[in-house]
Amino acid sequence: MINFRTDLALERRDIYKKANNISDEVDGLETQEEMLGEDIKITRVKVLNENGEQAIGKKKGNYITIDIKNIKVAGEDDIQKASEAVTKELKTLLANLIGAQDDILVVGLGNLYVTPDALGPKVIQDIDITRHLLTYMPDVLDKDTRPVSAVSPGVLGTTGIETVEILKGIVDNIHPKLIIVIDALASRSIERISSTVQIADTGIIPGAGVGNTRKELTENTLGIPVIAIGVPTVVEAATIAADSLDLFIQKLQQEAKSNDFLNSLQEENKYEMIKEVLAPEDYNFIVTPKEIDELIENMSSVVARGINFATQK
Amino acid sequence: MINFRTDLALERRDIYKKANNISDEVDGLETQEEMLGEDIKITRVKVLNENGEQAIGKKKGNYITIDIKNIKVAGEDDIQKASEAVTKELKTLLANLIGAQDDILVVGLGNLYVTPDALGPKVIQDIDITRHLLTYMPDVLDKDTRPVSAVSPGVLGTTGIETVEILKGIVDNIHPKLIIVIDALASRSIERISSTVQIADTGIIPGAGVGNTRKELTENTLGIPVIAIGVPTVVEAATIAADSLDLFIQKLQQEAKSNDFLNSLQEENKYEMIKEVLAPEDYNFIVTPKEIDELIENMSSVVARGINFATQK
Amino acid sequence: MINFRTDLALERRDIYKKANNISDEVDGLETQEEMLGEDIKITRVKVLNENGEQAIGKKKGNYITIDIKNIKVAGEDDIQKASEAVTKELKTLLANLIGAQDDILVVGLGNLYVTPDALGPKVIQDIDITRHLLTYMPDVLDKDTRPVSAVSPGVLGTTGIETVEILKGIVDNIHPKLIIVIDALASRSIERISSTVQIADTGIIPGAGVGNTRKELTENTLGIPVIAIGVPTVVEAATIAADSLDLFIQKLQQEAKSNDFLNSLQEENKYEMIKEVLAPEDYNFIVTPKEIDELIENMSSVVARGINFATQK
Amino acid sequence: MINFRTDLALERRDIYKKANNISDEVDGLETQEEMLGEDIKITRVKVLNENGEQAIGKKKGNYITIDIKNIKVAGEDDIQKASEAVTKELKTLLANLIGAQDDILVVGLGNLYVTPDALGPKVIQDIDITRHLLTYMPDVLDKDTRPVSAVSPGVLGTTGIETVEILKGIVDNIHPKLIIVIDALASRSIERISSTVQIADTGIIPGAGVGNTRKELTENTLGIPVIAIGVPTVVEAATIAADSLDLFIQKLQQEAKSNDFLNSLQEENKYEMIKEVLAPEDYNFIVTPKEIDELIENMSSVVARGINFATQK
């Protein structure tokens, strides 16, 4: 299988199409695009069957990508508009899976102390929690309020516990009907860093995009549906270097017309070789905009508001 | 029962003795003091039986108070010395309860975003976690390393879930043999704020000191022994006002010799009246040193190191 | 002079009136009240002359207090409404002092790492800065944009430099026409903590409210007008204890009708005595709501927006 | 001139030597190496004259590079050892420039809220400040204590004021004899990120490494000697891509023996082309280890301690 080096179904589809010279749709996928005004583009990729699963390495289900232009300079209005797009898509998925007052647990994956990985815990801070109020102060809430609870379970490196073990325990004790998991993703394209939201109804495998696979968080392991909301915050350094090489070689070919040797380059696995060069010892080098702290604040607001409005009323 | 307005067994004992004019030991308690150098005082209060339990409202068990002078201006050396005192006391308690390689879960209670309540989550950041390494990379560790894991479960107000529900779930999934819970406490005395550590082998009832009782975290509810490590970070504003009144009236009495009316004051329940005056709407007013951020950093280091050295080797 | 233990002109006026049994206005002051909806009350105290100055220990000039109810649970709307009140009052003061495009320097006093003292630096983060854009990228701005710059000079304890020395240097180099200084204040009343904004056109003396006087930041020392925007974030612990005593004694008197001895208590300087008791070593004990971190976030938004809209257009 | 894309004199020397096939020393430079134990390497590059200045684009003066291996997993001991190396080199430079009790101002450049740029402000938090104590409490200090003060002036984007304007004002008011400026740098090599300290007695030009030149902070502009302490925290994304290309082409050449076309590639200016591809809109893409938050904490401790011990006694 192709090493996609991205968590986004949409990017995987594009890479697969290019690698296989497919001009229309990939067999086993269904894709639909929509623009909201000038700045927000929604792409809904549906993986229909095993063909689709094998093509892009993603489970059968819905993968909705919301691309927001210019989120860096986002004002209050842009954040509101982007969050409304999240709300709308999320509401549709929720309505397919559970009832309007069914209990939801929101889970913020990631490490608050590692900036590009802090999105999940930051979103949790802003989620409107109602579960305890329904128990202790029901009078302060509308009577059709949905119980919502939220946790930031930490990461394996700082807890020593697999996330799935922590969540399984909580699910067994508080019996939510659905989990929404928020996570920082790796993308292939630097333009998407902190300007894209992917919503999927298939759960997630934490760390899938960057190669340190943890146990999956899905209906298989947790027993209830899992919606995953992901925001790309990094591109691997080796990815960017390899992509640069491709671009460079393409350009040379255009100029040189034909060159057998260069053609052969294209087929080499540059990525592995570059990764070796770029990854001394045990660091994970990432590419990120210098403004990552601010971008993550903006995207946390987008996701938290998107969830808050989708879960109530 | 007396409203002690402190989580510290030692302070409760002193208040009980004073209120009942007891000059030696309270029936049902046993107390032992030790000085470590000039700056660290250890007081071990043992609640022996029901008499002791009823006197100070604390369960049968051991309550060790470590008072550290001048922690505000603490250098590296003072923090190290204080943490060694924590290590020594904790080691003794651990040896009584579990084997040298038995699995321990460390739990940091409190809210990272509320300064006086952030101690627990801050300690968790500095705990040496080994449980996952023993699974994935056993070769990097000594072969007699104890599995240690850690979580910050958040607080009811931000998760919507009782802490005991979260912990019960984790305990059922990862089967530790003992839990160490870290929490910020309320004390009666402002001198003790962030300069005292209490270690107890009886578990804790979160929020017991300030009146918003949550379900207890003890062997009863969790099925395994629970050691509680607490650090006072606040005094209730009403406590300080009431204590000031007492001091004031004492002074007046000394000057006025006798005064029937003032004597009668002493017996009134000033606290409730003052609390009413001091607690408008739903705020919790607290008294804290302005330097609380820094003090909590220092005490987090003391507690984290104390635990790290007590749990290994 | 009375030890007011508050930085708010309005509270000082009230205390002075009570202490001197004045039922209408204090000689040398002029006061005007206005309600904005149900939740925002504006009180404008004008110190007219030396009489007024001596009565409340505040310089001749305007002191506008904006009290906001329920800021703790403030949503986006409440923060917006409160900030509009700040904008309106600030605009009036600015129009009296400088031209519509005159250069303004905004200064955030306080220590970012001491929660109750962090308001000033936090506001600075959110100020819209235009001065450098007018120099380097004038095309991106409207042509009547006012140059605004901002600094957080730190506090004497962490810089070793008097704030006035730092500001004087900057003023001499960049020549603004007016300074807006933001600072955390001490108030007398706990209800006002982080729910009140005071705007004054007389500059400020940092730390005036809690007794560690620094050199003043006024037109005298800086050569240009100084508008001070202050938000109470603490009450001194001794203040609250002394006020509790007063309330307590009043209540006793009501019950006991007359009691010569208690009457005499009222006149004693309880504050000094209590302060001695309450202030061991060199800590500054303060009373603050436990929710202080969140309240300061809300009030930072109110003040920053208030300034941003007042300085432009 | 070569586009070095690094702030480190040592890296520039290496790049210059390679580009010009120089096997021994560059004319106009003098270099000396020293190992401290196994983990710390010190390289002292002296720019002797105009020849040296033109070769590497750095002013006449001393550039000392301290490379620390394995700082990522640094314990207390490693941080101490590295800081001692900083102290030793800094002391030598200070002794050449000012007297033992001459006043020093420490300046932390950068933006606290942008992780890879936060080093300067973080170091300032840990500097031992004495200037105000010498004025207000001289008795608590040894009588030969040197006055040290410190500021974090912020960055142009958040203050609207050139750093040199702020510093000039402060220097004119408090008259220090020397300034130590701390800044985050760009390096060419990812291994050096947060594991290298460069100390130079020539001052600095903020942002020189990444192309957004600000006005210089040197004896020319400030009137007193300026020592610069820099730590690389980022590599430009385009740098890494270009370097990857070079490595790739070298490898191909080794395999292909000779290939005229590939040889010609080496001479093209890949960097500009790649930069165009890699820098959409106005982001600054950087490469950084995911662990950057923690690395910056460690390096802040190294630099702060290094300065604290060098400035006193």
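Some points to look at:
Going by the order they are written in, the chains are A, B, C and D; count residues from 1 in each one.
Here is the rule we go by: a contact is a pair of C-beta atoms (placed from the backbone, for glycine too) under 8 Å apart; a residue touches a chain by one contact, two chains touch by 3 or more.
Since the model is a prediction, treat every value here as computed from it, not as a measurement.
Centre-to-centre separation between subunit C and subunit D, using Cα means, comes to 41 Å. Spacing of subunit A relative to subunit C, judged by their CA centroids, is 45 angstrom.
Averaging C-alpha coordinates per chain places the centre of subunit B 36 Å away from that of subunit C.
In subunit A, the positions touching at least two other chains are 113. The touch graph of the protein chains shown is a ring with every node of degree two. This structure has the following touching chain pairs: A-B, A-D, B-C, C-D. Subunit B makes touch with subunit C in their complex at residues 72, 113-117, 190-191, 234, 237, 240-242, 244-245, 247-248, 251-252, 256, 259, 261-262, 265, 270, 273-274, 277-278, 280, 283-294.
Contact residues on subunit A toward subunit B in their complex (touch as defined above): 112-113, 124-125, 129-133, 147-154, 156-162, 165-166, 168-174.
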